[in-house]
Structures are given as C-alpha cells and as structure tokens.
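The chains carry the letters A, B, C, D, E and F, assigned in the order they are written, with residues numbered from 1 in each.
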Amino acid sequence: MFGLGGAAPQVSSQQKLQAAEAELDMVTGMFNQLVSQCHNKCINKSYSESDVNKQEALCLDRCVSKYFETNVQVGENMQKLGQSGAFMGRQ
Amino acid sequence: MDQLNVKEQQEFQKLVEQKQMKDFMNLYSNLVSRCFDDCVNDFTSANLTTKESTCISKCSEKFLKHSERVGQRFQEQNALLMQNLQKR
Amino acid sequence: MFGLGGAAPQVSSQQKLQAAEAELDMVTGMFNQLVSQCHNKCINKSYSESDVNKQEALCLDRCVSKYFETNVQVGENMQKLGQSGAFMGRQ
Amino acid sequence: MDQLNVKEQQEFQKLVEQKQMKDFMNLYSNLVSRCFDDCVNDFTSANLTTKESTCISKCSEKFLKHSERVGQRFQEQNALLMQNLQKR
Amino acid sequence: MFGLGGAAPQVSSQQKLQAAEAELDMVTGMFNQLVSQCHNKCINKSYSESDVNKQEALCLDRCVSKYFETNVQVGENMQKLGQSGAFMGRQ
Amino acid sequence: MDQLNVKEQQEFQKLVEQKQMKDFMNLYSNLVSRCFDDCVNDFTSANLTTKESTCISKCSEKFLKHSERVGQRFQEQNALLMQNLQKR
C-alpha cells in the first residue's frame, strides 16, 4: 500500500508486523481523511436529498483521483528533498 | 506486504480483523459528529425538531453512500498504484 | 454503552476484551467530540468571564441531550439501511 | 458490558484505569490547544501579553467548568439510554 | 517532559512504562498540534514560494514560545483550581 | 523520565523507536492532507492541473521546512523548561 515499507534486511517478525501495522494505520487514517476532505469539497450540506447526486458523484471520483495524484507527488517530492540532504535526518 | 511470510501474514490478518470493529466505530462516530454539526444548531429546546430529525436522516444516509463511493474509488486507485509500482 | 456489543456466541476472552476496549475508545472519542462540538455551539469565545453563564449552561444541557438523540437516530437509520441491504457488507 | 465474566471485568477495569491518565492528558492538551487558538493571535513579541494571559486564564477555567458540565449530562443521558435499552 | 509524571511511590515497572508512554504520546500529540496551529497562524497559504520567509520564520519562533508559555500557565491554573477543590475528582 | 531505572529506560527506548515510524507516517499524511486541502479545489477534471501541481510542490517543501523549524524551537523550549523545573 502506497509502496512504503521498502527493503529492510534482517528485521525480526515483530518489527515487520509493527511496520505493517503502522502502515495499515496510516492507510486507514488517510482513507478517513479522504472521506472527510472530499465530503467538504463535494457534498452539498443542505441535505435536501439522501442520495449522492450525479454532480456530487462525479466530483467525488475526481476528488479521490486527485488525492492519489497528490499523494504520489508528495512522496516523490519528499524523496527528492531527502536525497538533496535539505532536511534533518528524517526520511 | 509481500515481504511477510505465511505465519506473519496470518498474524497480520488477525490484526486487520481486530481493527475492523474499530474502523466501523470510527465511521459511526464520524457520521454522528458530521450530521450533528451540520443539522443541529438550534438550542431553544432539548429535543430534536422535525426539521433537524429529517436533516439527520438524510445526512446519515448520504454520508454512508458517500463513504461507500469514496471507498470503491480508493480501492481502485490503490490497486492501480500497486500495479504501477510492480511494473518498475 | 450505546447498546453496541451485541450477542456473539463463542468468542474468546481476548476478543471480548478487545471489543470492550474498542467500545470504550469509541465512547471516550464521542465524549471528546461532544465537548468540542458543544463548546463551539454554546460557549462565547470572548472569555470576558471564567464561569459558564446561565444561558451557556442551558445551551450545553440541550446540546448534550440533542447529541444523544442524534446518536440514537443515526444508529436506527444505519440498522434500517443495513437490513435493506442498501450497503456494502459493512454493518 | 454484562457479557463479561468476573475475571474479564477485572481485566477490563485495569484497562479503564490505564486509559484514565491518557484521558486526563487528552483533556489537558485539548484545553491548551483551544485556549492558545482562541486567545493568542498577536506575534509581534515572543511573550504573552497581559491581555492574552488573562484570556488564557479565563478560557482554561471556563473550559474545565464546561467539560465538567458536559460530563455530568453525558453520564445522565448514558444512564437513561442504558435503562431504555434494558426495558426492551 | 512538561514536568508531568510526578512522584508515585511503589508503582510497578509496567505502570511506570505505561505512564511514560502516555506522556510520550501527549508530547507527540502536542507537537503535532503546535505544527498545525502555528502553520495556521503564521504561514501564507498562497504558496508562491517554497521557503519559509523571514517574517514567517519570526512568527513561528514566537508562536512556539507563546505556546510553551500558554502550556505552563494552563498547568499552573489547573493546579490552583484543583487545590481549591473547585473541580470533580479529576486532577 | 529520571524515575525509570536502566532496564526500564531500555524498554522505553524501544517504545520510542517503535513510535518513530508512526510519527513519520503521521507527518506524511498531515502533509498530504494540508497540501491537498490548500491546493486542490477544482474538480472539473480527474487530473491535477499544472497550477495545482506547482502549488503542491511548494506547499510540501514549505511544510517540511516549517515543521523542521517548529521542531527545533520545540526542543529548545522543552530543554529550557526542563532546566527550570530542575532548579526548583
């Protein structure tokens, strides 16, 4: 998921599971963020109908698509910045 | 995830199941918060007005449909992303 | 709390405790949400006094009451929608 | 909660106690965030002005009284809800 | 960190570690809050440049400084209120 | 933290390391949320526009520099606070 996790030679089962759990939590967290942000950006809050109408649905599809693109781009940006040594030891 | 061996995958599966109830409760409390925030803004009485109640009903149904749709797209996009990463 | 938990035949102690913990976390989370939301809806942010005044107190009482009603109604709505098969497998 | 046997209830009790410190810290950091956000908005100096300091003092006391009241109502409503569920 | 923790005679290793973990989580949570709040208060959201400019940097330094002062003051306020018995059993 | 003995400190160190990956992922997802929210607001197409993409790039670099600076100040202020507490 999100291609994180990477190659880590000689790590214990416990460490691998902890990394997997951290990743799972992040993906879940991001999904919740996505639900909340695309709701803010696409859903009409007057609630005159209980269905997601066509316009809202189209907006949601694009919202998810753009969110993933953002996610990938941010990942690439961070890698570039990390390699350039512009940042801490983080990364 | 393909770096986990069979036994680790089973452990991980257990973890996932353990989290599912949590996820559901999360969805539920997000829904309550959202609809309470958007629909209830009159505090001249202690009970929901008909208008508020109707709003909550529509809001919660809409929120579920909304998060279902976002969930489907999320899975599609995630699958696509995995494919692209494996091609590299 | 909130009447969740339901009947689950033959579950291990560990599972029951995990479910109880998840429920406890949810109730705590909802309480924190409630504190935050009713603060937004009822408390005057000019902070000219350190007491919750009468008007604010009345608003808070009603806010909590309406929040519980909302909670119950949402639960009922979800059950109905779940039974109608309108949704995923969630529920 | 009545589905837990005595031993499980004891385990659960431990869990509750474990969480209490966390809850307190949560309350504390929510309070700091809220009052910092509402009271501190002037960054022409590095120290709190008298006005900001007074605001923080009132805000924090008010927040505690607020969350205390909400907590009491929450418990009452929860007890009521449990009663109604058992009647069914 | 933040001087919490206090003196607790006769507690088990597990309890001490749990308290330390709770404190670590709180400090992390507060740092995240600080990052978010000072971003809101100091950073220009038009993103015409990728650097934190001088004015923003100065604002951030003061923001962190004032946040710590706020934190200390709130802690003192809570102790005073706790001692005066004005509150629950909390504290 | 000086109330922990050596063995407890080691345990605590492990915990800290365990949390570091979590912290990094937290930073990452906060960054994505923030820049998505601030930069992406046009849903007439499914792909990022050049303008949005440029905005995201600047936003994420700026966010990292921002949180790095806040982190440095945080550590300084925390050290100062610890010193003052020990003087008492």
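Basically, a contact is a pair of C-beta atoms (placed from the backbone, for glycine too) under 8 Å apart; a residue touches a chain by one contact, two chains touch by 3 or more.
Please read these numbers as outputs of a predicted model, since none were measured by experiment.
Engineer: By that same contact rule, can you tell me which chains touch subunit C and subunit F alike?
Structural biologist: Chains that touch both subunit C and subunit F, as defined above, do not exist here.
Engineer: Moving only between chains that touch, what is the shortest number of steps from subunit A to subunit B?
Structural biologist: Between subunit A and subunit B, the shortest chain-hopping route counts 1.
Engineer: Once you find the CA centre of subunit B and the CA centre of subunit E, what distance in Å lies between them?
Structural biologist: Once rounded, the distance between the two centres reads 30 Å.
Engineer: Centre to centre, by mean C-alpha position, how many angstrom separate subunit E and subunit F?
Structural biologist: One centre to the other, that is 14 Å.
Engineer: What are the residues of subunit E that contact at least two other chains?
Structural biologist: Correct list: 61, 63, 65.
Engineer: Counting only residues that touch at least 2 other chains, which ones in subunit B make the list?
Structural biologist: Within subunit B, residues 26, 39, 57, 61, 71 contact more than one other chain.
Engineer: Taking chains as nodes and touches as edges, what kind of graph is this: line, ring, star, complete or other?
Structural biologist: ring
Engineer: Note which residues of subunit B are touching subunit C in the complex, please.
Structural biologist: Against subunit C, subunit B makes touches at 18, 21-22, 24-29, 31-33, 35-37, 39-41, 43-48, 52-53, 56-57, 60-61, 64, 68, 71.
Engineer: For subunit B, which residues are in contact with subunit A within the complex?
Structural biologist: 1, 3-4, 7-8, 11-12, 15-16, 19, 23, 26, 30, 34, 38-39, 55, 57-59, 61-63, 65-67, 69-71, 73-74, 77-78, 81-82, 85
Engineer: Quick check: in the complex, which residue numbers of subunit A touch subunit F?
Structural biologist: Going through subunit A, the ones touching subunit F are 4, 18-19, 22-23, 25-26, 29-30, 33, 37, 41-42, 58-59, 61-63, 65-67, 69-71, 73-75, 77-78, 81, 87-88, 90-91.
Engineer: Within their complex, state which residues of subunit A touch subunit B.
Structural biologist: Counting only subunit A, the residues touching subunit B are 1-3, 5, 7, 13, 16-17, 20-21, 24, 28, 31-32, 34-36, 38-39, 43, 45, 47-52, 56-57, 60-61, 63-65, 68, 72.
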